[in-house]
Amino acid sequence: MKASVRLLLAASVGAGLAAPAMAADPIKIGVIAEASSISGAAIPNAAKLAADEINAAGGVNGRMIEIVEYDDHNSAADAVRAFQRASSQDHVSAVIASYVSEVVLALEPWSGRLKLPMVTPGAASDVISHRIHDDYAANKYTFHGYMASTFLSDSVCDGMKAIAPNLGWKKAVVVSEDAAWTIPLDEEYLKCLPKIGIDVIDHIRMSPDTTDFTPIFNKIEGEKPDVMVTGISHIGVQPTVQWHDQQVPIPMIGISSQATSSTFYKDTNGAAEGVIYQTISAPDVGVTPKTLPFVKAYEKRFNITPAYCGYTTYDEVYYIADAIKRAGSTDPDKMVDALEKTSFVGTIGKVEFYGKDSQFTHAIKVSPEYIGGMLVQWQGGKQVTIWPNDIANAKIKFPAFVKTGGN
Amino acid sequence: MLKSKTFPSLVGILLLLALLPFGVSGYILGLLTLGYYTAVFAMSWDLLFGFAGEVNFGPSFLIGVGAYTAGLLNHYYTWPIWACVISGGAMSIIAGLLLAVPALRLKGPYFGLVTLVAVLMLQNFIVLFAGITGGEIGLDLPDVLAVDDGSNYWIALAFMGVSGLILFGLSRSAVGLILQASGQDAVQAGALGFNVTKHKLAAFCISALFSGLSGAMLIFYEGTVSVGTVVDIAVGVQVIIAAVLGGRRTILGAALGAVFLIGMGEMLRPLGEASTFVVSAIALVTIMFVPGGFLGALLHGEKR
Amino acid sequence: MKFLQILVDGFAISSLYGVGAIGFTLIFGVSGVLNLSHGSIMVAAAIGAWAMAGDLGFGAVGGAAGGVAVGVALALITYTLVVRPIQTSSRIAREEKEIFVLTGTLLWGIMVQEALAYLFTSNPKTVRPLIAGVVDIFGVRTPTQEILTALISWAAIGLLWLLVNRTKAGKVLLAASINPRGLTLLGFELPTIYFWVWALYGLLAGVAGVLLGSFLGVSSDNVGQLTASAFSIVVLGGLGSVTGSLIGAYVVGYLETITAYSGAPSIRTVPVLLLLVLVVYIRPQGLMGRR
């Protein structure tokens, strides 16, 4: 009680003195994410890092950026509540929301109803941008700041096309968790893998509640594929550990969101060794000149490397600030216009959004020229890049129990 | 408490609450809106437990059936909201009857387990048919009750007011007394010539109806239906805690407990992840030291 | 081949379920308490072992021991801080003690779960295995850890059996579950007995938690699921019956494994739930229940 009174006094005194000097109110950006998960925690962390940097450099037209955090406990309802609060109580100008597609899909209509621009740093479902394409007027306030699922699959396929011949991969089983984001992901896997000469001999979807993966691995092993192509995000530690402990001789490659954070190695007791995952930025690769300084600053402040959505969030705070600067106001419609014209080189590459004509309206453009994927492998406790060749800094190496045809 | 005095004062309180949108921020209204729907959940649970004596660990089974019925009808067939809500309530009654069958046979922890299993089955079912139900995290709805906070608040308040008055009235009526008697000692109540089975069935149907209606209303407030909001065991736990915290056998206490829980959870939001911990700790201390709950303590002092 | 696989994998998981459930049933048998914070105690033990083996540098064995100690400590705290005060409270009517103990332990379990998520994040953790590697059993490649899980589980069960049937303390325990009032007439203090039962329970839950953590890995999100599964096993076997709980554990473990292997891993728990409803309808006292 006492402390809050003192705080109140200090605030009013402070405000009284500083008021003439302050140029304007801060620009508030809401951040909605699940704070207790690896991927979720990276979102507010990276946002604060970016905001502090922008503020240290003088803010946006003299206005400071203020990050307002909300924990959604990975629940769509909590997220909707947080979004409503962000709009009506905290008067934020934009929201950066979640890495979970279901949460973002629940927020998307609210972004339109409350006319509050929202960018997602980590959700992947294609439906997010398809909805904007189908009903632009209602959904134009949403931006998809991460690769759509289809692009993720394509990126994995591109990488596999380069590495599969040396490893003798010809037959694959697609294994993914049952969630909104993996529906388009799997669809595209089933299309793009055959195109690069890899037969998909089975397709398994696992409940995100699964804790014992033994039967699944056994079934897969019985089918004798050369490789497992994954699509996992909510799960990660347990299948990886069981894969390692049971010495399942089949390599894993694909999307494995939790593996993108440096704590993954510790959480799995090193079972991550040999896991290959697709990402858009790795801690050891300067995708752009901004990547490595960001990783360094992030590690210094939070003692871990950023999960994949840390990179995107960091960039998003910058390009939202940039859009507000160009729009000259925080009017939502002007901000949307400005965001659509974004052309920003961040830590993940050059960010631009697809326009109204594309099926992927407001999704970030994916191509080597803008944002391209890469394959990273856990080796000796470190995340090393193995593809594309021009930025690769290590050769593929599997633990002894994994059998590959090539080497 | 005299009936003649209680009802007018309740109506008075409701009218006062109806004035809130003229003085309070949208954010607080949003919280109360959620609190009011949760209040109906808790009051329905109290009717079943406090009066009929049935330890229902799975209030979210009844809530979830109503909510998902309404949600699916709206998402796939774009039925108008009122039709979805009524259908949701009707489906919940069927769910309530489904629960009542074992309740009439089983006692204590066994019935409790069946209700728990019912929730788990519903959850499994929803996740299993993820293609239709949206799975683990949910389905978004094309329609919402209202966009602005004030209207949403009034709708929720009116809904809670009507539901609360009906449930409270029932609990104070002859039916409530018979229920209480059969809840405490079914054999004796039967010996006195009351049809215990019939009354318990009625309690299940009424509890289910209001749980289902409220579940359906809630999802049209949030614009999304998901396991986490209306089915998960945690939802049921919150309802039970609210009712016990507010005071069992009071109906109104349940409403009080629900609003308190929701409000507390949000007030402690600055604590971040630790907020649930603190809310649970407060609830634990309350039930250990003030077992009669808020209303119990208020009405009876400390005596028991 | 598949049959052998089911046999081997089902055995380990069933043994693990068994250890977790007999502690749960023991407490109910002796003091009539259904401890809904069960899952959180198991998870706390596992995460304790993980933290001690990893960050604190106690090594795999030290970590495992430390994890079990966490289980015992937490069980005793649960008893002294939550269960005991409710049982002795004069403010709570006798017929309402049950619902209060249920609500109380439930809330306590949530508090432990949230504390774990806050301190260690909700990300799953795996306890460092005591012995890494795999062994070939009739052509089934089995992780050594899985064999160890089954062995330790059965060692714990065996020790419990010896304790109950061959020692004086065990006989007192048995007597307490049959006729607590008679025991007080013989000069035994019920609170003291309860205290030791809870310590024993903590030991079992701790062992089960650490084993689960090293076999499959645990997260604070698993708390509810673990409590529910122990509850189901115990009701299936008959509340209060240790033998029944063991049989229940094997029925559940194998039923789940068979379901998972017959190509439907996502409905793993559904047949168990159906069986449970069926048993509760036909024979509410469970397979081996005595009341």
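Labels A, B and C are assigned to the chains in the order they are written; within every chain, residues are numbered from 1.
The working rule: contacts are C-beta pairs under 8 Å (C-beta built on N, C-alpha and C of every residue); 3 or more make two chains touch, one makes a residue touch a chain.
The structure displayed is predicted, hence computed values, not measured ones.
Interchain contacts join each chain to each other chain, per the touch definition above. With respect to subunit C, maximal separation of chain centres occurs for A (centres as means of Cα atoms). Of the two chain pairs considered here, B-C and A-C, the higher C-beta contact count falls to B-C. Subunit A and subunit C, compared by their mean Cα positions, are separated by 37 Å.
Measuring from the averaged C-alpha position of subunit B to that of subunit C gives a distance of 31 Å. Chain contacts: subunit A has residues 36, 178, 207, 209 touching two or more partner chains.
Multi-chain contact residues of subunit C (touching two or more other chains) are listed as 117-118, 266.
Shown for subunit B are the residues that touch two or more other chains, namely 127, 273. Residue ranges of subunit A in contact with subunit B, taken from their complex: 35-36, 69-71, 73-78, 80-81, 84-85, 88-89, 100, 102-103, 105-106, 108-110, 113-114, 178-180, 207-209, 234. Of all the residues in subunit B, the ones that touch subunit A in their complex are 25-27, 30, 34, 127, 130, 134-138, 140, 144, 147, 149, 222-224, 226, 228-229, 269, 272-273. Of all the residues in subunit A, the ones that touch subunit C in their complex are 36-38, 41, 178, 205-207, 209-212, 214-216, 218-219, 236-238, 241-242, 245-247, 258, 263, 266-269, 271. Residues of subunit C that touch subunit A in their complex: 5, 9, 13, 54, 117-118, 121-129, 132, 134, 141, 143, 145, 216-217, 219-220, 222, 225, 257, 260-261, 263, 265-266, 268.
Only residues 34, 82, 85-86, 89, 91-93, 95-96, 98-100, 102-104, 106-108, 110-111, 114-115, 117-118, 224, 228, 231-232, 235, 239, 266-267, 269-270, 273, 276-277, 280-281, 284 of subunit C touch subunit B when the two sit together in their complex.
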